[in-house]
Amino acid sequence: MYWRLRTYIAWALAISAFLVFAVSDSKFLNAGNLYALVQSFAVIGIVSIGLMLVMVAGEFDLSVAGTVPLAGLVAVRVSEASTVFVGVLAAVVVCGAVGFINGFVTARFALPSLAVTVGTLVLTTGLGFAIAGGQIVTLSDYEAGIALDSPIAELFSFRSLLQIILIAVVGLLFAKTWIGLGIRAVGSDPNRAATAGISIMRTMLTVFIVSGLFAGIAGAMQGVSLAAGVPGDDQAILLQAVTAAIIGGTALSGGRGSTLGVVAGALLLTIVSNGLSLQGTSTAVIQLLNGGILVLVVLVNQPLQTASKRLLDRTILKGKPATV
Amino acid sequence: MTRTSPAPAVLTDVNAGATTGRTRIRALGEWAGDASVIIAVTTVVLFLIACLVVPEFATADNLRALLLSIALVGIAAVGMSVITIVGRLFSLSVSATVAVSTIIFAGALGLGPWFALVIAVAFGAVAGAVQGVLAGRLKADPIVTTIAGAAVMIGIAQIFSEGRTVAGAGDASVFAINIAGVLPMQVLIFLLVTGVAWWIHRFTVLGRKITLVGLNERAAEVSGLRSWPLVIVAFVASGALAGLAGALLASESGQGNLQLGATFGFDAITAVVVGGISVKGGMGNPLNAAVGAFLVGLLSNALVLVGLTYETQLIVKGVLVLFAIIITGVASQAKNGARR
Amino acid sequence: MTATATLLSVEGVNKSFGGARALTDVSIQFLKGEVHALLGENGAGKSTLVKIIAQVISADSGRVVGSKADLSDVAMVFQELSVIPDLSVRENVALSLRKARNGVIPKKAQESRIREALTSAGLGGIDLDVPVEALPLAQRQLLEIARGLASNAETLILDEPTATLSDVEIRRVHDVVRSLAAEGRAIVYITHRLAEVFELSNRITVMRAGKVVANGPTSDFDMASLVTHMLGAEHRAGVVEIFDNTFDPGGARTLRVKALSVANKFNDVSFEVCGGEVTALFGQIGSGADEVVRAIVGYSNLDSGSVRLDEHEISGLSRHGSQKAGVSYVSADRVIEGVFLTASVVRNLTSGVLPSVSRGGVLTNAKEIALAKSVASRVTFDESRVRQPVGSLSGGNQQKIAIGRALATNPAVLVLNEPTRGVDIGARSGIYRALRKLASRNVAVVVYSSDVVELRELADNVITMFRGKTVSEHRVTSVTDAQLVSEILNGTA
Amino acid sequence: SSSSTTPRASGSSDVTGMKVTLLTVSQSCAYCATHTDELKADAQKAGVDLTVVVNEFDAGVQAQQVNQVISTKPDAVILWAADATAILPSLARLKSAKIPVVLTNTHPQTDDTSLWTAYTGPDDTDYGRKAGEAMVTALKAKGQTSGSVVVVTGVPGTPGAINRLKGFTETLEKDAPQVTIAGTQNADWDQTKGTTAAAALLTLYGKDDLVGIYAEADNMLAGAIVAADRAGYKPGDLTMVGSNCSIEGYTNIESGAQQASVLLSPYDDASLAWQATLKVLQGDDVANETFIPPVVITNLNLADCAAAVDK
């Protein structure tokens, strides 16, 4: 109930932000600008959906900050030696493997995933530097990237469409299948979920591998698109993904989260940064505005929770067993 | 037919605990938490190994450099650990607090180094208090609150500093002296901060309350404890220590800017996690954060001295961190056979 | 007794946790069409045994033989609730219909089976989409049972299914259990409510310290022999003790509840409790009785009314405020808010009285230990175990610690919510004794209970509640069980 | 001469009201902030409508900002690339959208100079060479013709870090073959990391014949100076050479803790970019590449650096 409210609020915020910019800046609704908006959204969206699954399972994946740039480097390096398709595939496989390690170690040794993924974050960052080998990593054929990004129906590109489709597929699987239910159950209470016959190992592997794969896809396609890979950790994307997930109503404590909410959260972030940079707003103002939005989300949280609890109490009383 | 055993991770009994024979170890481990004891032991072992096999490691100069390299991050990590222990995960505004404090310290340096230090610490405390009120009294999500806090701090600081480096109009060399010729001031402050934080956590009512709230907030409430003042205390401590780290950082070159201390936040989280403090709250001690910072610093230092390239250093460090964490997991699993 | 086929048998099962032996060579047979009661004091090994049967944990040695090789026809209702808080009612029941392979959840197809199971468990009208977390504890317990029913298993194991339920729901559960047995299933029934054993079961197995000490048809036992088997001969004297209801009335403080209301929960509740008395609120699920005790200790936003301790208004206070005013609370939910599982007994016991075990804000270890030991003895907990983590104690001992935690604060008013849920008969009498002793020190005790037997042993006064309103107030000595039960069921005598 | 500010055709009526977008990297680094402010002031003087877009050194974000800018069709774009290679596809897009591009500060990693209209800014290899010359000169002044130096570099794998080291190494090999580079550590353009990196280098090579430290930026050198101080070196024991002459370098040269820096003034950087932009707007011819001539700053000509650090 309450968490559904959070989804609505995220959407309300995203839509209001959209309207504000649409009204205040004539260039905002320009197809070219909306294209840029969708491009950025797809990247944040896919990374935050992956992270959301992990968070719903009650875990966290810091290594995303390492796998995104690693995927870019692998994709560019391998593409240079072979084809772009093989390059992207290699990057995605590598990141899936990192996800596997995260999931396996977390489940097998019953460790806090925050700790595990600190390790894999350092590891993947190191791998990134090793792949770069102190050299500049570029893809001499940057036409491939331009093709990947060439507009489809003015607003989309192959890259953004693929990412959006993946978001939708995962969203559906999460909402409609036993897998999604299992993830929520494990996140809500791993011990009880295990008693109900849900394999914690399988759930952990699922969420971390998806998170790794999605970070890999985002990073690899970004790498091809930029025709370059940069070593180092990308904390900005991690921070944006967490923020989107939380604005969308994902609980850090696990068990709750909806794809729609997170999509709205990612949309809100992209719309705000797109709209502000269109107007050339200074970073100080952007920072303050971002801070303001977050404080708002945080502040409406508590009253809302109380209100929805009241509502729940009433429905429960109505649905009281017939015996009373 | 005979049953085969399901994965050990599914053991569910809340009664999980040590055998009678292990009870004493458990009682011993209670103040430090199981995981953190193992990490501490691992750290000592690695330290001894480094002393024996890494050339140039066990020299006074290098050990001093090692301690200096972790002192400031360590101070920030000790502050961060209080937030983790009270059950509010992490603060993501530590880097921002450090950066802004360097500017405040540099700006106030003309009025004397100690005064500037106090101002910077006070700023950190106030910034922490505001976030603490949000996260404690208004029960806001700590991660979002601190992301917002960081954004607001950087935004305001940018308006005032216009992004420029602020050069201090004074002499901060008092923080660069070596006490008794051997112990650098920064390290002394780090050790003091760690010691005091450990003592408060271990021996005082305040520390006990913070632990209890972190362990089980609802049970603490049933006992009549209020969690929000303790959450505020934790954020104030974290903010003040981040301010202290920022002031000391600025004192190194007498300047402050928004780029300084950018890595402190994540390094402090790493120290807390690697030190074995449970992110679920209540388990662990500020000392563990200091040990975590030391372990990471030790690895970095030793790997450089061994002559590894930067990328190899990172890879080895990542593997060792994973390894240390897995050992912790295996050991604590053997002890109680339950998840987390 | 027509059906005598063995549906499930346990043969020579052993199990230790670390060095502690939980089960020693346990062999039991469960027969088709029978309700088989499994009894024993806290920590006797009952839950361990049934968890081994349900494949949640594995035995060190021995076998479990069922009619299906993989034992997929055994369903279990767990003692520690295994309903998942963030999932909805529908999803929780659906989980037990899940087949091993993953796929799309057939929502429509399951709907009727889910409804059916819920109805048999007494949750007929419930909203399927409510998150379980929002349900009161008792409804969660019924849901747990519904989950066991939904899977339609041949053998159904119920581990203390009625511990959190009041009499009406208990009766409903009994009906369901009987009809399931009549359909030819084997039911394993664990309980600490010895009265229901004779009503319900066909066969009894008693365990003590991990061993089977008695086994046979119910007709072979009577209450006295059961208790002897459970506790061993040496315990016998303590159990049947009748409590002395006289107390010293001088200088007592008085708790006055006037016209208290919380929307959707209860309405216009008034009563008085004097120091030295134990007053019980008696009502079934949804009667609001448990909400009244939570409101007194500062857990609800009151809509109207007042709560006074002597002349001090305490109704607007938070939990912290009411504790300061002298009102202590023992929660019904032991694991979630009763104790700090990973902390030692000492730390649990001193958690509410840190100022008195410290000087100038610095804790004094000796004072902590001394206080813990004295409280431990008041709740008859073994003093030598005060340094153990509470999580390593049996359920009964954990409950003693939860109560000790409240006693340590030397309250003027002690409020308890279901104080002996899941506690065995031996430990239970210890807890009653401690509470009576406390009352005789002029503490006003308010307890919510859904167990008539408990009222008899513990309370001086009983206030019955029905649909959020008080029905009437009685001296416990001057009212019959039938009248009390009738009042909470129908709202009239 | 250190200042390349020359009179220019500001305020000429044909550029008034024209739209220019500045895609820059940050506003929280001193150099970047001055660079932006200077361009803003120039634009205002000329009556040009300048929009400033910042990406906080995120190449992915910058790529989307380029897409966005293309949709707004400005008369020219001034672009400080967040990454010297990742900017190439964006440059290709700008080129096909026929928007003139003035690149500033960061030279793209390509030989295809047709991707932009004008580049103004430093040549990193040249900056490295000048730093090498400064090192050799300072060492010779002390009579040191042999020994070893260590280098604190920026982010590994970035052109700035690679090229400055390249130029520095070249010059040392040429002018002082007896002085060798004992080791390098990266400090990611970060002052704190500069301290740690230098501390490690000092532990590793300090005992030998270490005579100097080169840091690819003054702020990292400020960190290195702290490390040297902690390791017991007195100011002047080691020859300290930095780069950029930022405020850290200025104060350290002033105090004698640092011997030299290579001036890179945000004012010159911005001013060159603006001159090129004006020419582009006016439709004049503009040189494809204009490099800021690197100038070595020591305490003898410290005044030349004063303007760059607002002293």
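Note that the chains are named A, B, C and D in the order they appear, and that numbering of residues resets to 1 at the start of each chain.
Everything below uses one rule, namely that a residue touches a chain if its C-beta (ideal position, glycine included) is under 8 Å from a C-beta of that chain, and two chains touch if they have at least 3 such contacts.
The chain lineup, named per UniProt: B = ABC transporter permease; C = ABC transporter domain-containing protein.
The shown structure was predicted, so the numbers you read here are calculated from the model rather than taken from an experiment.
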Practice problem: Would you mind telling me which chain pair, B-C or B-D, is linked by more contacting C-beta pairs? | Solution: B-C
Quiz item: Just how far, in Å, is the C-alpha centre of chain C from the one of chain B?
Solution: 41
Quiz prompt | Between chain A and chain D, centroid-to-centroid distance (C-alpha), Å | solution = 35
Practice problem: Averaged over CA atoms, how far is the centre of chain A from the centre of chain C? Could you give it in whole Å? | Solution: 43
Quiz item: On chain D, where are the residues touching two or more other chains?
Solution: 26-28, 156
Exercise. Return the residues of chain B touching two or more other chains; collapse runs of consecutive numbers into ranges.
Key: 10, 12, 154, 158, 310-311
Quiz item: Residues of chain A touching 2+ other chains?
Solution: 129, 132-133, 192, 194-195, 282-284, 286
Quiz item: Can you list every touching chain pair?
Solution: A-B, A-C, A-D, B-C, B-D
Quiz item: In their shared complex, at which residues does chain D touch chain B?
Solution: 26-30, 32-34, 37, 156, 185-186, 190-193, 195-196, 199-200, 202-204, 206, 219, 222-223, 225-227, 229-232, 246-248, 251, 310
Self-check item: Complex contacts: residues of chain B adjacent to chain D
Solution: 56, 59, 61-62, 64-65, 68-69, 72, 154, 158, 162-165, 167, 176, 184, 249, 252-255, 257-264, 300-301, 304-305, 307, 310-311
Self-check item: Residues of chain C touching chain A in the complex
Solution: 56, 78, 81-87, 91, 94-96, 98, 102-105, 122-127, 130-131, 134-136, 139, 142, 168-169, 172, 263-265, 284-286, 467
Quiz item: What residues of chain A sit close enough to touch chain B in their complex?
Solution: 105, 107-112, 114-116, 118-130, 132-133, 190-192, 194-195, 199-201, 235, 239, 242-243, 246-247, 252, 282-288, 290-292, 294-295, 297-299, 301-302
Self-check item: Footprint of chain C on chain B - complex, ascending
Solution: 1-6, 10-23, 26-27, 30, 203-206, 208-209, 211-212, 215-216, 218-226, 282-283, 337
